[in-house]
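Both complexes below contain subunit A, partnered by subunit B and then by subunit C.
Right, the complex of A and B next:
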């Protein structure tokens, strides 16, 4: 199959829900936290698609085969885009046997293009993700389908993973089953004869552990041998249109294959996971455990990261600034607009961004730990009742959790929801999840205004975020979606396991890199734009680059906007300007402050006094009610539009009209809540 | 005809057999997870909001409270 006949996977592929039978369309996918991997082995390389039920190790296998960077996690719905990578398929040194390997394998390496398709329990398409998988495997023209399909099956839950195998075997496709989680199966006393299973399924079965990178060379050999053979005849099915009859036939077939290959203990043994679940999902204990876990995450993040942040701050405001100044003096550019751009703009802005890398990395490590351990799937069970109050199923919690990392992939993750109205409501609610970019501002304000209680203040914002989601969700449900039903909670719980260091490192690195890549671009553009607007005078008698910030175009616009925030207690024009910049990206709020204050009074080392400037600003604008004003500002920051990238993702998923509606809801909610917080707070503080 | 008991009143830890699921779409969705009419399973634990976690063919499936009320089973 040539690449020209397979244009659907040259970009991020998204389901075209309005035209279900059309080929998946291309859409640019840009995220501050991840972008789907998009590399191919060339137009002549065979295409191998990896499919499987959610949480059977699909994305982990893809990563292991391609050394690519796809988000992997121990909970359903991790793959929401189609990723593509190159697999340098190298067979083992010695031949293996059938069921695993085939004779006559070649020694040389062969490059294969690998697609990581969204998780699907079946090809019946209950959700857009499953629809996309069906479209790519079943509904497209035969010559556009993958050359081979690797179906991942969890050995510890063999029966329900084989339903998809049964459906894929009914298609004119080469199929190889990759059996994962054999170690978990063995722990549960289940042993599987892969040769017997291969006989029963009529396709090769390879035992592999992508988390530990074992069995991959055997898989390479089997895949290459299978690719060299003709496409096998599809499995015969009953000649009927009755879905139940076809289902019965599939279950009879897969049950026979599983039974002849599996030795199971007399009854399913209770595992450590079951014992842990009795506590963490229990009616009384589950919610406090969930809150305690989340609190620990944010407390750990702030307390451990703070010293590292301080050290980096000193580095940038000291030696780095001094070095740049010395260089500028050397080329006689000190005291010019270049100094303003470089020292007060780029060094201060980028330096401020980099000080938050330890914080972000720590947060990502802890979230990866929760994901990879399997706890997040339980969190969806615990929060199901809460989600149901706003008419959303428990699994809507999953995109919302992703939103706490970054809103952009969270918007894409809403595709795991089968109901269009539930997807729309979730897309509108995701911006209220407190993303990691907002975390940087919360941590800074928490440290400046709440001292040792910074962690609790930040945690409070996350609780407020959840409350905001419920509040806005209830409001929308009671007004626009009164007739919306709710899907029953059905979640396939993965076994808990000890997170793999390599996988966690991969996920953390991918997210930190994504954050840095996007944020640095946004920061540089924003900082440059802010500097330009601050350099252009808005009053007569001043020249470009030699104008006080307050008299610049930037200052004038900010001063025009700032009275809007007077009832909320933060009508300083510098604060309003930071919010204006924050509309582009929250990563830029602090750099905007740093830039504004440093440009206003450009002494060397100014950025170290940023906290004092901000304290003074809030104290002045609130008439001495500093804490209520800061809390009002934090609530506004939490509720208003997260960033333009999120808007782009929303527009892609729900269209321009609903995106604009979302922005209006966000701004109105943010302003009303901020005013309420300040006006009530000033009565007490 | 509805017989047996709903899962809300079914005991934890005892082998149960699932009876017919009235909603074909729901039945199909549960079947892909291994939970079909006539299949043996056990309830493992209560969850927040009145749901249950059940064990079927090695899989642990969390079900919400409304589903727990709708599904019926009998002692295996």
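Right, the complex of A and C next:
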């Protein structure tokens, strides 16, 4: 090698310039039994280069071979660091290997110059490190190349390391493979037969563990034997300029070598995850399994949580309300607007929302269980397949999955889509995913109208949500984005694992806290605003805080809007007003109902419970077709604008014009579907 | 006869949904298929993207509901990782 291609010296230099390889020989440090001058590999010493991918034990091997006889520095003209050292290659049974310096050891010891070349997956020069390795092994003059190349290969990832071996074997070089991490491979149930591998690769293979300093003597013996032999003929390569064909030839070669050397072949070792995945991600079985799992989640949630929810409801409408009333009486504020705000507003509205905390917590526990175990990732595969079947972009499934938790981060998650039109389409579809805020309303209506089948009703809304995404997506693609393609997508699934209790608890707490923050933030503001609007009279002769809701600004506006919903069977002004408030946040639907009916006096024959009020309202507005009207309401709630936070996120991602277009699509879709559901449903119920 | 790289690339092109499915369909070992996919990513024939079931990794700074969010990005990042692989150009 020329002087310019040697490592920059960072330590002292021994001036041995007679050998072309030793122009800038690094000064070796003192070893256990040698003086510094004796440690030098000498001008005629063979040069051994250690190459290998990062994290294959290459540098560990270098350090084990050279001990402290090392100097490290950047290669001239580059920022790539190269270490250079002296390896006292001593074959097995030599006294030096046992730590002593017995007589006669010098005959059995050969000093070699060792270069620790930078980590490289291949000689394809994808990085400066790989470029330098390629330059030293392949592109430099033949007489300046190392005499022997030791390639470190991780036995637990054999094929990854053998690609570099394949390339090095194509060069006129002596090659020895140092196979590391056999213990890791064994832990994974893979055993590599080094003799069979050597036969397949056409070069020696030595199993070594540099961390425990095992196999180093054998490596020394093999390296010395190989150095004594002539340079072997390079591996023949196909005569082609096509890079893929050349690469594939190497993979064919390495695959055959790995196959014959691997005692337990990879494709025969199906893990439990693999076996389960073959069923749960199968094209036909996967979707029904996913639906069954989600149905179980909703059924379990509503069944277990309903008694807790009822108990909380009684707590807020009973003792909590009584306590607040007693407190107000004590300070002589009973019968004033303060009582209206506190009792009919905050206690009724926010209290009703808080009754959903057990339900949400249980739902979050079950979803966290599915997520942390790795099942939701499989569900993503099932959803992805559905997306691509209908021609939607493959990666769009991810934001949509996120949307079932909350639409706002889902819209932000559309940034993973590379194509602007795909992003836009997905942003427009995300609001149709049934977020957890809508879940509270669905559960309440499910419990009131469907009793023990509440879980199935809620599950049905989730299925409807998926159907809505598919239908609207297809509609938009067929009309606005006919030329949009959907690229193939592969998902590398993580293995199933036992959920971590701590992580699950953390996730559940974070989500419940988020729900409580929403309830204590935007919902309190909304409840206060609703109370204010319900307190301001819209007709003459009434005063602030002493007006029936129907005659308040709130009631008058709601009565103006409510006829729009007559074809859908829910044109009661109380129902319409809940939808108006729900535009701000879906949790506010329940709180506004609670406020409205808490302010109203119970009708004859009603106990005053919220569920009974709502039942009566739907029965009256639908002309007796209560269930079709409730289903129509739930479909409307599913399809129309989720909340103002989602609108803000949409505006940030796609601008005001497309946000307005999205709101128009949502409202039109919601109204048309609600009318269709009611009009068709009333024919049967 | 096509080699492992062509086989894996053909499966990616055909839309095979998971790496496990590619292994099953090609009959190649897990190690070889993963090495082939890594090589195809390195050589720029397919792209590899880490996916998260939580929020995007860009943080909560611009999110309108950051204050009351139920799913911080840090939590999403701790979930079992998904990696998506997609062709960068059609297979000849």
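The criterion applied here is as follows: the second predicted complex is superposed on the first by the 404 of 685 C-alpha atoms of A that agree within 3 Å, B and C clash if a C-alpha of one lies under 4 Å from a C-alpha of the other, contacts with A are read in each partner's own complex, and residues count from 1 in each chain.
One rule holds in what follows: a contact is a pair of C-beta atoms (placed from the backbone, for glycine too) under 8 Å apart; a residue touches a chain by one contact, two chains touch by 3 or more.
For clarity, every value in this text was computed on a predicted model and none was experimentally measured.
Contacts of A:259 after superposition on the shared chain: subunit C is touched, whereas subunit B is not. Touch criterion met: A:287 reaches subunit B, while subunit C stays clear of it. When the two structures are aligned on the shared chain, A:503 is found in touch with subunit C, with no touch to subunit B. Touching more residues of subunit A than its counterpart among subunit B and subunit C is C. By the touch criterion defined above, A:436 lies against subunit C but remains apart from subunit B after alignment on the C-alpha atoms of chain A. In the superposition on chain A, no contact is made by A:172 with either subunit B or subunit C. In the superposition on chain A, contact of A:648 is made with subunit C only, not with subunit B. Using the contact criterion defined above for the overlaid structures, shared-chain residue A:408 touches subunit C, although it does not reach subunit B.
In the overlay built on the shared chain, the residue A:122 is in contact with subunit B and with subunit C. Counting contacts as defined above, subunit A residues 121-122, 124, 126, 157-160, 163, 243-244, 247, 251, 267, 274, 277-278, 281, 377, 381, 384-385, 388, 394, 488-493, 495 meet subunit B in one complex and subunit C in the other. By the touch rule above, subunit B contacts subunit A in their complex via residues 15, 24, 26, 28-34, 36, 42, 44-51, 53, 55-67, 70. Put simply, subunit A touches subunit C in their complex at residues 121-122, 124, 126, 157-160, 162-163, 243-244, 247-249, 251-252, 254-255, 258-259, 262, 265-267, 269, 274, 277-278, 281, 371-372, 374, 376-377, 380-381, 384-385, 388, 394-395, 398, 401-402, 405-406, 408-409, 412-413, 415-416, 436, 487-495, 497, 503, 506-507, 510-515, 517-518, 521-522, 645, 648-649, 652.
Across the interface of their complex, subunit A is touched by residues 2-6, 9, 11-24, 27-32, 34-39, 42-43, 45, 49, 51-56, 58, 62-65, 67-72, 75, 78-87 of subunit C.
Chain contact summary for the complex, subunit A toward subunit B: residues 53, 121-122, 124, 126, 156-160, 163-164, 185, 188, 190, 243-244, 247, 251, 264, 267-268, 270, 273-274, 277-278, 281-283, 286-287, 377, 381-382, 384-385, 388, 393-394, 486, 488-493, 495.
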